[in-house]
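Input: structures, listed below.
Next, two complexes with chain A in common: one pairs it with chain B, the other with chain C.
Showing the complex of A and B:
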């Protein structure tokens, strides 16, 4: 019996081919568009968060208490090398880097700007966050007077590879000190703070310039395996200022939350409208065949079989629409992941806001599973009203009726 | 045909209610969403213009691209005299900007130090209104420094404290001076507040040898909408190829572009809703038409032509759309108008997004009748497009065949 019902449901699903195709197209188009938008927005947020983590704070950053407020060398971590050795022993710590930072004035012969100079260990930065991936132009080389500059800062100072610069700041003894530098590379980290303000030099040179010891640092950035490790670090180093990525970058957390809220609202609205679409078609489809159902019930077919048949019809239409949408959406997402949305016409604006000029999407399995659940639910809910109509049928009256 | 369409609307109530409801929702959604997007963009631009950037700024060519003291504007008085004759200019001022290191007893920080004309500046920018402590500059301020709150905190200064400045003068010689902190401002733009200080130009000109010179001339207009016309007049009257007069559209090009990108994403999201709604309206229209094939067959048999059938469908959708739009537009317009006067406030937003130049917690909507009109145009267009397929479907039947359709 069940086999027969499935067969009937399948055939009836395509009884009015144009109508069914319209619903399938509606589901497929709206679903693929929704998946594309979700993937694109998530991709934007994920890329930004990932690059901010790799170029800046890591999963956790440790500062001396008072440093984040005052940004003064006086508040540096004195025994950073010993601490880093201790941190490395903690299970769950994947990578760490020490950085020394000083804020000051960066000048060319013609222009000046505020800047933040960071002393970094290139090898450590590479294993910490694939630093070389941020290279926009030039060659990553910090030998001699070599320095790397953030993209927006380079634009502001109108400097290119080979340009000479002078950075002036207060050293650890409180004296004004200057250092001459030559730009070797322009970096685009998409971390807005680094791109607009940072200039990177070798950590050893930075220590010499600032008069600090090589065992000292202003920041210890750490990549961890999980949140448990972050909590452990906070507990173990309570005398220091230990902050997680999202504590240091609350905007990123908000951005993530806004994306989730936005995607959920979009999802809800689209699925509601899709539901209305399927409901309309199912309702009319049942009304068209009301006599047929009356006869079936009149000759003894139980209501539950009719219910199964109608549910299956809605499920077939919903599922085929889903398959179409999943296929189109997957193609759309693959394109966005591999080629991205090219907005290079607006590259200045995007770079100013910390985005690459080509925005790439991301693909998550959850896009397909949640959409599947929603479309199947919408299909099943859509037959609720038509089924009530059938349940209330008086078979004899229906058979006698014109239509 | 119109009366016929009206009767059909009343007869096929299910389809009519669904089309009406979906059109109503999409109209409100579209108008309100676009208004919010445009409003927030306008507000960001206006805030940025209010703080320091002018509607029009005049530079020596290459000052912005190359920079340096040889690209300062010379004989500023001759230029400002010409500006006084141009209609549409409400106020103007000259500024001299330089960078250097400011030091308190124990701390140093890089700062942009700008020589300004305090009285004129009151009309042109919001820096005087941004006063938080002490007093704003005046003609007799002498070596008084008016400093951003962030910078004051960085240097750990108190009102009346001495601050030394080291930089280079306009003749490229070494310049050093001791200033006194007289006032503290906070505009809300974190970068500006933590890096900029102001001094009275009369005093600063003596220190920097910039008498009758300026980095640029900042101009405020009577009406910002006339910016291009006034700029054209300025260019003609100055008639000096060594100068360039730039409007805020060029000065804030990156920000304008950023708004455009944001709008693109906004419209992409909106397109999704409209496409789905379009499909559902079309499906309901199609269902309706496919249940009336016999009726259309009879109409064709008694002499109605294809154009009449299209007219009938067209009237039906236009009546339904008009009813929905007529109800939705005043509601949406009122929402836009209300929030343009009483902006939505998200506490802490400016702090959170300070790196992105957001200086206010308010999100005002934009109430613009022209924008609302084109939004309505799009809704009408989509609804009318939704009857195209049903129309072709109906016409795929021959009249006799349609009368026998079951």
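Showing the complex of A and C:
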């Protein structure tokens, strides 16, 4: 009997072909749009988080205790080279870099601003986070007086490639010291803190300038394979200040949460549309065939078989719509992942908020699984009202009505 | 086989427009009988047929099918009785449009849980008897009215019900097809020993049934 009911449900689903196709197209198009929007929202968040990780803290950063509060060189990690060798031995540690930072005043002949100067090892930064990808303008070259400057800081000081600057800060002996620099490149990391405050010079020069030893660092940034490694690092170096990415950048977590809320709202709206679409087509379809159901009940077909048939009809429509939507959505997401959405026209506003002007999409399996579950549920919920209509149906009324 | 005792049925009961559709009906129909309910329009023949077919409830009295009282059953029990004991032929054929003739004929048997083999064999047997065995893979809308009504009869007969109830089965047929249908029903009645009850005012049917029950104003006036 079940085979016959499946056949009846399948054939009845396409009895009014244009009506059913319209609903399937509606589901497919709205679902693919939703997947695209989800991919873009997540892509925005993921890109920002990824760039922040690569340019800043990594998955975990280690500081000397007291450094993050005081930002004073006396709170530096003195045996950073030994420590980094020890950290590298831990399974799950992928990459690490040592950085020396000092906060001070960066001045041109006419303007000055607070800045955070970072001594970096270019090769290590490249391996750690593809540092060269952040190049906006100029050439990455830290030789001689060479320095790299964050985009927003460069705008604030009105400097360009070749501009001369002086950075002044307190060195490790407590004396005020200055260094003359020449801008070789402007960097855009989309990490707001770096773009608005950072200037990068060679780590060796930074050590000489600050009077610190090359084995010392103010920060050890680490890329890890998983959260377990992060926990292990925290446990192994409890005498130091070990912080995860989200602890250091709680705004990123908030941004992720905001994106989840946006995605949920979009998801809810689209699923409501899908639900109403299937409900509409099922209700009209049942009304069209009310006589058929009445007669079927009249000759002895039990309500439970009709219920299965109607549920299957809704599932067929929902599932085919889902397949179409998944296919279109996957194509849309692949395009967004590979080529992105070019919003260069709004680059100033986007960069101000730390976003790249071309937003690339993300693809997650969960987009397809949650949508599948939601469409199947929407399909099943949509038959409640039509089924109530049939349940209340008295076969004799139908039989009398046809006479 | 079927026994009705003091059966009463009202429409719009308690309202000013109340209609007393069946009045103290007492009737016996034996196994294998071919009976016609006859009478003018609105006399209650369809109401009586629906009451016997467990399609409609009654307000008082009893209806027995093989000594089982069916007049007071709930909707689910009535559905089961209709499925297992009765076959229906309606004026408008009422075939399932998306199923082939073969599937339509076997539909009631499937609902009753017969095996594929039993269904196939019985469908062929009934289709041959009704001369529609060459149309088994056709969809109903590709058949003429007469052929569709034969499929409806085949569907009613296939499950070997105790009784077949047919309400105005020839109303949509021309005289040739009406005659053919009537001849087939007579043959089925004879071969399968199925009790058949028609509600109709077709003269040809009246001339060809063994028993005519005439109703007027909800009462049996002649048996």
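Following the convention adopted for this analysis, the second predicted complex is superposed on the first by the 390 of 403 C-alpha atoms of A that agree within 3 Å, B and C clash if a C-alpha of one lies under 4 Å from a C-alpha of the other, contacts with A are read in each partner's own complex, and residues count from 1 in each chain.
Simple rule for what comes next: contacts are C-beta pairs under 8 Å (C-beta built on N, C-alpha and C of every residue); 3 or more make two chains touch, one makes a residue touch a chain.
This structure is a prediction, so every number in the text was calculated from the model and none was measured.
**Q** Specify the partner with more touching residues on chain A, choosing between chain B and chain C.
**A** Here the partner covering more residues of chain A is B.
**Q** Looking at A:71 after the superposition, I want to know if it touches chain B, chain C, both of them or none. Which is it: first, second, both, neither?
**A** Touch partner of A:71: chain B, not chain C.
**Q** Which partner chains sit in contact with A:115 here, chain B, chain C, both or neither? Use first/second/both/neither.
**A** first
**Q** Just to be sure I read the superposition right, which of the two partners does A:16 touch: chain B = first, chain C = second, or both, or neither?
**A** After superposing on A, A:16 lies in contact with chain B but is clear of chain C.
**Q** Tell me which partner A:297 touches in the superposition: chain B (first), chain C (second), both or neither.
**A** second
**Q** I'd like to know which partner A:344 touches here: chain B for first, chain C for second, both or neither.
**A** Neither partner.
**Q** Is A:132 touching anything from chain B or chain C once the two structures are fitted on A? First, second, both or neither.
**A** Neither chain B nor chain C is touched by A:132.
**Q** For A:104, is the partner it touches chain B (first), chain C (second), both, or none of the two (neither)?
**A** first
**Q** Give one of first, second, both or neither to describe whether A:7 is in contact with chain B, with chain C, with both, or with none.
**A** After superposing on A, A:7 lies in contact with chain C but is clear of chain B.
**Q** Once the two structures are fitted together, what part of chain A is touched by chain B and by chain C alike?
**A** On chain A, no residue contacts both chain B in one structure and chain C in the other.
**Q** Write out the stretch or stretches of chain A touching chain C in their complex.
**A** Chain A reaches chain C through residues 1, 4, 7-8, 11-12, 15, 291-292, 295-303, 305, 395-396, 399-400, 402-403.
**Q** In their complex, what parts of chain B are in touch with chain A?
**A** 14, 18, 22, 65-68, 98-101, 103, 106-112, 154, 166, 195, 253-258, 260-261, 264-265, 268-269, 271-273, 275-277, 279-280, 282-284, 286-287, 290-291, 352-353, 355-356, 389, 393
**Q** If you look only at chain A, which of its residues touch chain B in the complex?
**A** 16, 18-19, 22-23, 25-26, 29-30, 33-34, 37, 40-41, 71-72, 103-115, 158, 168-170, 174, 176, 192-193, 196, 250-251, 254, 262, 266, 269-270, 273-274, 276-277, 280-281, 283-284, 288, 343, 346, 348-350, 352-353
**Q** So in the complex, the part of chain C that touches chain A is made up of which residues?
**A** 46, 50, 55-56, 76, 79-80, 82-84, 86-88, 90-92, 94, 96-99, 103, 107-108, 110-113, 155-156, 167-168
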